[in-house]
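Each in structure tokens, the structures are laid out below.
Both of the next two complexes hold subunit A, though its partner changes from subunit B to subunit C.
Showing the complex of A and B:
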């Protein structure tokens, strides 16, 4: 437990030295604020562009507060996920390519606390950034568009946090065998494939963690029920990923290129 | 064309963009030239012109791992 805290503090220091604690939350907050603001000003933006006849612009109705929040999740899914994965891709792979991992593992230490600390640090950054972003979106939506069902938003946010968490966790085992960019690409590809699969064949993959993103949006929209199996599968994936990553790192502390 | 823009809504967006850009510049200024991929001036322009994505590109791809 003591070594966990040492590694955790080291990861936090490293994240703030590489400015991750500024740019990741800032981007989530920007994405979150821009969605309600640009929806609110869409008629003005359309008329300023000049190509739309004023009658058509007048037909535009401001969408409901719930659907603005759901489309904010859509924004997080594209840029937010990309940013999180790119920010986290070198947590393991970077230490292998710089030789830090080999240095640490020269002593016979367990890699489990090290991996768990890396995971905890990544998740801390993710949760803080996502909470800021969604909080910003909720505040602006509330002020500009209308009241929200706070219980539904909180429930959706929880589901969405699990969705982000398991994808980011995939970076640990992938980073232990691949270089950073390859690990980032594969974890994004897995997330995309699973989420596509669950929207194409919803009845066949009830348990798939790919459903979590859609489930979060439905929750905010006030329809749909929470099913627990995707959440359990996501938690299982996270636990297995951390253990596998710890084993793999012990076996291959060095990057193939260095 | 009279468009009523409530600047109270817009300034946080501008401020966040500025925070991202300024953080990028501080990090560029402090960095050893050898630890930056490409020239520093190239990244200054990318951060200035690329808005959010320019800053993201710098933070993700601009620096070599020390």
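Showing the complex of A and C:
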């Protein structure tokens, strides 16, 4: 437990010294705020552009507060996920390829505290950035568009956080065998494939964690119910990933190049 | 001094189809300084990595301490410096040391105190607060030694600690290791015999994953001391022919022929000297140099490695 805190502290310091604590939350905040603001001002933007007949601009109605929030999640799904994966891709892979793992692992009997600390640090960054982004979105939506069902938003946010968390966690075992960019690519591909699969064949993959993103949006829109199996599967994936990553790192602490 | 700190038995490592370490056994006495000597690719790094617990051995046994108590936390009692130590470049030297110390189980306050001690010991106190990214190669190597010492280990293992350094850095590190003798047990690998002779009492010579020779330096020196005659002559047909004929003399044990001279390992120095000088004078060979001496460890090293 003690070594968990030492590693956690180290990971947090590293993230702030490499400015991850600035650019990741900043991008999330920007993405979150942009959605309600641009939706609200869209008619004016269109009319300023001057190429839209006023009749057409008048047809445009500002969507409901709930649907603005749901589409904010859609924003996070592309750029937000990419940013998180890029920020996290070198947590394990980097230690192996630069060789810093050699000195650290010569000191520790178990790699589990180290891996858990890396996971916790990534999740901390993810949760804070996501909360900031969604908070910004909710604030502007509330100010510009209308009131929100806070319980639904919180529920949706929780589901969405689990969705982001398990994809980011995949970086740990992948980083223990591959180089950073390859790990990032594969975890994004897995996320994309699973969410595509659950939208194409929704009835066949009830348990798929790929449903979590969609479920979160439905939750915010006030439709649909929470099913627990995808959440449980996601948590299981995270636990297995951490253990597998710890084992793999113990077995090959150095990438062959070094 | 029969206090064993580390004994390894039949240690073997297979990596795929190759076997870099083929069943080696040796022991380290507490407080001794041992050099793991060998040419590049002899399996020194693999051996040290296994001893540091970084990679598991395929076969064989590593035992720390003298008794049977196979304590679980032996890792905290060894310090390890890899051949190319890599640090978190965003940390300062001081931060890295106290991070390492804490990982090895020291409390926060102890860690800071010990870090300050070792950073002074390796002479980095000026750079203690600077980021490691700005350190020179020699400074990094010294920081590496500092991190190996920070948790007061019983045994430190250094993989080629001076190979990558310039002569001044090399001198500094060697002096530092010399000062450590006796306080901690030192095992270091090198491919330079001279370094080993300078600070170590014992050596283990590895060639192709096997131990070719081991023992204390003085023992080995005596064992491999052989009378040697070095002869150098003016280049000429007659001279060359004469040198070639030397191999058949009864007192010549072994001969190494060069372009302009020969190195003779002889069985009886007195007889050989008298006979050869007489022969030289009689046949009028144009002699340049005639030297009687003994073979050095360097010769032994070359012989064992190239055989």
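The rule is short, and it goes like this: the second predicted complex is superposed on the first by the 256 of 258 C-alpha atoms of A that agree within 3 Å, B and C clash if a C-alpha of one lies under 4 Å from a C-alpha of the other, contacts with A are read in each partner's own complex, and residues count from 1 in each chain.
Keep this in mind: a residue touches a chain if its C-beta (ideal position, glycine included) is under 8 Å from a C-beta of that chain, and two chains touch if they have at least 3 such contacts.
Just so it is clear, the structure is predicted and the values come from calculations on it, not from any experiment.
Peer 1: Of the two partner chains, subunit B (first) and subunit C (second), which one does A:83 touch, if any: first, second, both, or neither?
Peer 2: first
Peer 1: Which partner does A:242 reach: the first (subunit B), the second (subunit C), both, or neither?
Peer 2: After superposition on chain A, A:242 lies in contact with neither partner.
Peer 1: Once chain A of both complexes is superposed, is A:27 in touch with subunit B (first), subunit C (second), both, or neither?
Peer 2: In the superposition, A:27 contacts subunit B only.
Peer 1: Should A:48 be classified as contacting the first partner (subunit B), the second (subunit C), both, or neither?
Peer 2: first
Peer 1: With both complexes superposed on chain A, which partner does A:231 reach: first (subunit B), second (subunit C), both or neither?
Peer 2: A:231 sits against neither subunit B nor subunit C.
Peer 1: In the superposed arrangement, does A:144 touch subunit B (first), subunit C (second), both or neither?
Peer 2: The first partner, subunit B, only.
Peer 1: If you stack the two complexes on chain A, which partner ends up touching A:98: first (subunit B), second (subunit C), both, or neither?
Peer 2: Both: A:98 reaches subunit B and subunit C.
Peer 1: Determine, under the contact definition given at the top, whether A:6 touches first (subunit B), second (subunit C), both, or neither.
Peer 2: second
Peer 1: Under the contact definition given at the top, report the residues of subunit A touching subunit B in one complex and subunit C in the other.
Peer 2: After superposing on chain A, subunit A residues 18, 98 contact both subunit B and subunit C.
Peer 1: Can you check the complex and tell me which residues of subunit B touch subunit A?
Peer 2: Subunit B reaches subunit A through residues 1, 3, 5, 9-10, 12-13, 16-17, 19-20, 23-24, 27, 52, 55-56, 59-60, 63, 65-66.
Peer 1: Which subunit A residues qualify as touching subunit C in the complex?
Peer 2: So the residues of subunit A touching subunit C come out as 3, 6, 10, 13-14, 17-18, 98-100, 102-109, 251, 253-254, 258.
Peer 1: Which part of subunit A faces subunit B closely enough to touch in the complex?
Peer 2: Going by the criterion above, the answer is residues 18-20, 22-23, 26-27, 29-30, 33-34, 37, 40-41, 44, 47-48, 79, 83, 86-87, 90, 94, 97-98, 140, 144.
Peer 1: Inside the complex, what are the residues of subunit C that reach subunit A?
Peer 2: The touching residues are 52-56, 72-73, 75-76, 78, 80, 82, 84-88, 90-91, 99-100, 102-104, 144, 147.
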